[in-house]
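In the two complexes that follow, chain A is the common piece, with chain B as its partner first and chain C second.
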Partner chain A sequence: MPENAEKIRPKAAFFSFTCCEGCQLAVLSCEDELPDILRALNIVYFREAMTEKRVEPSQREDYDIAFVEGSVTTQKEITKLKHIRKKAKTVIALGACSSTGGLNCLKNRFPMDFVKKTVYGKYAEKYKKTFETLPVRPIDSIIKVDCYLHGCPISKTEFLSAFTALLMGKTPITQNYPVCVDCKMAGNICVFEKGMTCLGPVTRAGCDAVCVTYGCICWGCRGLVDDPNVSAHKETLKRYGLTAESMLRSFDLYGNCSLRKSGSLGVRPAKK
Partner chain B sequence: MEKFSFLSNKEFRKLVEGLTGSFTVYGTVRKDARLSAAGDGFPAYGRISCFEDLVLGLTPTHLSAKEFLFPQRETLLKFDIEKMTHAAVVEAVDQVIIGLHPCDIHAVGLMDRVFAYGKPDVNYLARRAKTVIIGTDCMPDRFCFCKSVDTMNVDAGFDIFLHRVKGVEPPQGAGPPQNGFLVRTATDRGKTILSKYAKAKKASLKQLDEIAAFEKKREDSFTAHIDAPAGQLPEIYSKSDESPVWERIGAICYGCGSCNNVCPTCYCFDVKDEMKSNLNEGERVRVWDGCTLEDFAKVTGGHNFRRTRSDRLRHRFNRKFNYLTGRFGALFCVGCGRCSRTCLVQINISEVTNELIREYNAKKRQ
Partner chain C sequence: MKKNLHIKIHEITRVEGHGDIVIDIRKGRIKELRLDIIESPRFFEVMLVGRKYDEAQHIMSRICGICAVSHTSASLKAIEAAMGMTISRQSLLLRKLAFCGESIQSHILHLFFLVFPDLLGAGSIAPLLTAEPELARTGLELKRLANEICAVVGGRHIHPISLFPGGVAHTPEEADLKRLKKALLASFAKLDYTLGFLSNIPVPQFAKPRETISLKARGEYPLHDGKPYSDKEGAIEPEEYSRKVKEYCVNHSTAKHARTKSGTFMVGALARLNNNFKLLSPRAKAAAKKAGLTLPLENPFMNNMAQLIECFHLTDEAAGHIDSLIENGLKSEPVKKPRNGFKGGRGIGIVEAPRGTLYHDYTIDKNGIVKKADCVIPTAQNLRSIEDDLKAFVPTLLDRPREEIRRGVETLVRAYDPCISCSTHIMDVRFV
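== the complex of A and B ==
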């Protein structure tokens, strides 16, 4: 590192919206690399990782890279997100909730009044303002996102490769092929042959197919690839005995798949 | 006739145990037994650390054995920007692959030619030179069509080849007949290994009859086939660019690259430079790529030379039956049927080819 490293170290901030904060934990679990990350980045805000209870960066404070975790569910969050976009040169969506809406999107299957009443009971009505809620949205339905790190949670490898790419001024690469590729490379027997069904053939890879490798199925947490063959997958699921309803449910689990975005910075979604 | 010798099961065990003691051994295993319909698992390749791991299957494995010669991911170069150093990496260990079927052995032969073509690929060739190949006989399932592409039998490309036999009838009261193998060797290395670790006996006429009968049964068991001579396929494919087949199969294709990844002769790869988080050290790695994936033919600026799944499938099929035949003088499909077996939307390589043959013949008659 050069002498004036402190001056050229980009400032980074981590923000969290509606989510479980597991993607921030995934960042923190890069234990071997954390010293390198701290040497290269000047982290100005990272609540999950900081001891001091400091407030969020003020209006005057600048940061170059904003990692944004979580989906948007309140008006307050919309205002805050727009502010982040104004300040940051690069905005990175961290994880499924921020990039596709994530599991939180399950809420969107019901009317908002019903949802509030289910969770807060009689207080829903009493503290209307406190419990204000909007249908769940990924952050790019509100601001422009420069790079997506998909997954529930994010992949450490992908986070680190995005981190090095950004520091070198390169475009972070997000895979644009189905999980089947990772799954075959892992040497797995296809889930369909094992008498189960899976969303892998239309879901974005980059996860090394860990779920299938450890005996589970792909639930599509990374969202669809740029150009998924959804109609073919519906046919396949039908052939393997899934009903239309259960198909829609599985497609819907990790957010509305129709809201999928391009794989990486500067690459447009596939043409229709 | 002299080329065959007999290896009893006991001696075969000694051979495998001898090999696991001195080599890294890979071979055919059964995977996920609990989840398979028959309860005995799916045929796959895996690491063999003891004799019991090895299950010589009659039907093809899910993935081919190419990963042991051409790994999914390998480091080609290590560099350090701060120290201004770089060093090529060639990783190769003495290894044995047991259980390749004739189609797989033909496939390895094609890979050998690919990686020796032009500027020889040091990494592949180093690994290949240190690899002992032990083949075994097989029985076709409904996807196998090696008989139609002339890869049903092998005389070279392996070190040792095993034909299953029941063995000599023991004298009465001496237990069940002893199973074993009639073995062939095609290289000096194969001969040395065989004599070093096991004692092979002379094959009996009865045993030779037995494998002849097995081979006859095998030849009669094919249900999938290609309806034109193998030599005619490049011509048929070169006249099929406009066929409606491509649109039809393109519409149902996922573009998931499974056909590429399970194929024993698909060798396309991507080379990437990956920096470590300290931003000084890095590696140049090579990873498998597949021509049916959307970004395969995408270039800087965003243009994609094969944008649709139809375009990409047509390209893949032509690579197997047309484009590469000119350069290497052989079809690049060995008829193992793995792509058809793995395809979730049931795109079947032999059926597609037959459809093109029918169209070609119909056009010719006009």
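== the complex of A and C ==
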């Protein structure tokens, strides 16, 4: 390794907000590639895996790439996130929770006081500060995001290809066509033919339609494609005798945050 | 001995989730000793309310990336119990196989990524890749195999797909199962190597009698099925779990704490070994003998060894499930529907997640909509025990240098393999 290798290796940090940490785990699950990843990056912060990388972002100068998983649900997280943006050249949203708010957004169907009281009961009032919570938001409602790695969890292949692109100084490409394309390539029978409903026609691809391959439907975890043909999807549902209610329910399993944003079944504006 | 000591460890590293440790010793006495859980709560109970029954396992899997199969399994058992659904033998075997894969994956991740760096004085697995390449590679290979088991059955190990109410929605290929079986048998050599390494590392002498709770079953080491059992109080009926294992809140933790009649108890691999040692596979028993284990285990640091012993058992069990699946002949089966005329009901699903007994409890209405959910998470059950152990352990360290105390404290917390993300996703308060 050349002497100035430390300077060449991009400084990277992994941050985790409100989530299950499954997307960081997906990174750690690249067992074959992990030694190379660790060689290629100068990891400056990765609390879940590394003690020597425990220094808080506020005490760090800067980093080239910040991977951020999880959505934002507390004031503290907002402050920390803004700080990360200031210090990082590139911010990558890792997974559904940070990209679109993910499943966490199901919480937003209810007023926060009700949410706290249901879970913590009398303690919600007693230990007010401990159990503080805000409606769930994706990280791009607070800061600018340079690249989104969608999915719940992220796709390993997509992570590795984005990672390679970043190392080469290129902007990672994420798919902007529906899951149906992936699903055809996987050779699956369309779930509509099996009498089920599916969000594949409007959901962003890049997952190899793994949920359909393994006997289920597309739940829409990767968010809507930039220009989904939403009304055509409604038509399809109608043709197969499905109700608007069940459709809406499927739509808001992952789409609650973005749906709220535009107030209808609309589309979140594509990020520049 | 130091008279005054103040340590605050902000965001313990190499644990899943965010936690701080606060230690305040004045005049040689513990004034304050807390494990602060600062993870943002996620409110899963509320998230589940109003959702359809067949979305529940999908939502609840997202409680944790590491033990997603356990949450999915507990969730499925609760749904199926509430709605009177039965599953085929093949489905049960597949679910149990995925369960073994996840438990091995979780234990290996904990041991190699989180614990071994402590034992070797490293900060993470990264320096071990060059300093101890064989050991690090062994860990990565064991972990990859475990992930593959989950992937062959469930589509992926983080948030499995095919595990669905009424069965398993995808049937794996026989060839894939045979490949896994071969790899499982080959992995015993790697486990032996790991055992050789871990048994040579001295364990801090810190035995303290404790109540241990785990599932207990007849004829099999209880992981996916069984009834809760306390080595002090005996069997716990599923319906009375919320009275026997009482949850409560403390101001320094967004995760709840729990206690039994006698107070503090421990769950996890150590508890399972204490309660079910006889049911381990012969290979696992031999490994325990080699490691010089004596029951009951009372030293929380031995939880690491207990996890490794379980890996031997889980590998045997996974291979056995594959044999049974192939013997029965793999067939594509549709998942079963809830029984006709379902009028609504409550169901409790209990499994042994890698970190201990996990309870999911749902009430579902006649339309199949979840009305109420409750979940008791292993780490929440262990938090009180971790604090109690710290209170007993820290005074034995006071004459050591500060950095060593800090390290000792973190090592003890890590031995419990706490999953803080999980434990802050707890639901439904029951008042004590």
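Quick note on the criterion: the second predicted complex is superposed on the first by the 245 of 272 C-alpha atoms of A that agree within 3 Å, B and C clash if a C-alpha of one lies under 4 Å from a C-alpha of the other, contacts with A are read in each partner's own complex, and residues count from 1 in each chain.
Convention: contacts are C-beta pairs under 8 Å (C-beta built on N, C-alpha and C of every residue); 3 or more make two chains touch, one makes a residue touch a chain.
Just so it is clear, the structure is predicted and the values come from calculations on it, not from any experiment.
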item: Clash or fit (per the criteria above) of chain B with chain C on chain A; value: fit
item: Which superposed partner A:V202 touches (first chain B, second chain C, both, neither); value: first
item: Which superposed partner A:S161 touches (first chain B, second chain C, both, neither); value: first
item: More chain A residues in contact [chain B versus chain C]; value: C
item: Touched partner set for A:G187, first chain B, second chain C, both or neither; value: first
item: Touching partner for A:Y177 - first (chain B), second (chain C), both, neither; value: first
item: Chain B versus chain C - smallest C-alpha distance in the overlay, whole Å; value: 6
item: Footprint of chain A on chain B - complex, ascending; value: 31-32, 35-37, 42, 44-46, 62-63, 67, 72-73, 251-258, 261-262, 274-279, 288, 290, 293-295, 302, 307, 309, 342, 344-345
item: Sites on chain A touched by chain C in the complex; value: 16-26, 28-29, 31-32, 34-35, 38, 43, 46-54, 56, 73-74, 77, 102-104, 106-107, 109-110, 114-116, 118-123, 126-127, 130-131, 133, 152-153, 210-211, 213-216, 219, 246, 249, 253
item: Interfacial residue positions of chain C with respect to chain A in the complex; value: 10-11, 13-18, 39-43, 45-52, 55, 58-59, 62-66, 68, 109, 113, 117, 122-126, 129, 140-141, 143-144, 147, 154-159, 161-162, 164, 168-170, 249-254, 335, 421-422, 426-429, 431
item: Of chain A, residues touching chain B in the complex; value: 30, 33, 36-37, 39-40, 160-161, 163-164, 167-168, 176-178, 180-181, 184-185, 187, 189-190, 192-195, 200-202, 225-229, 232-233, 235-236, 267-268, 270-271
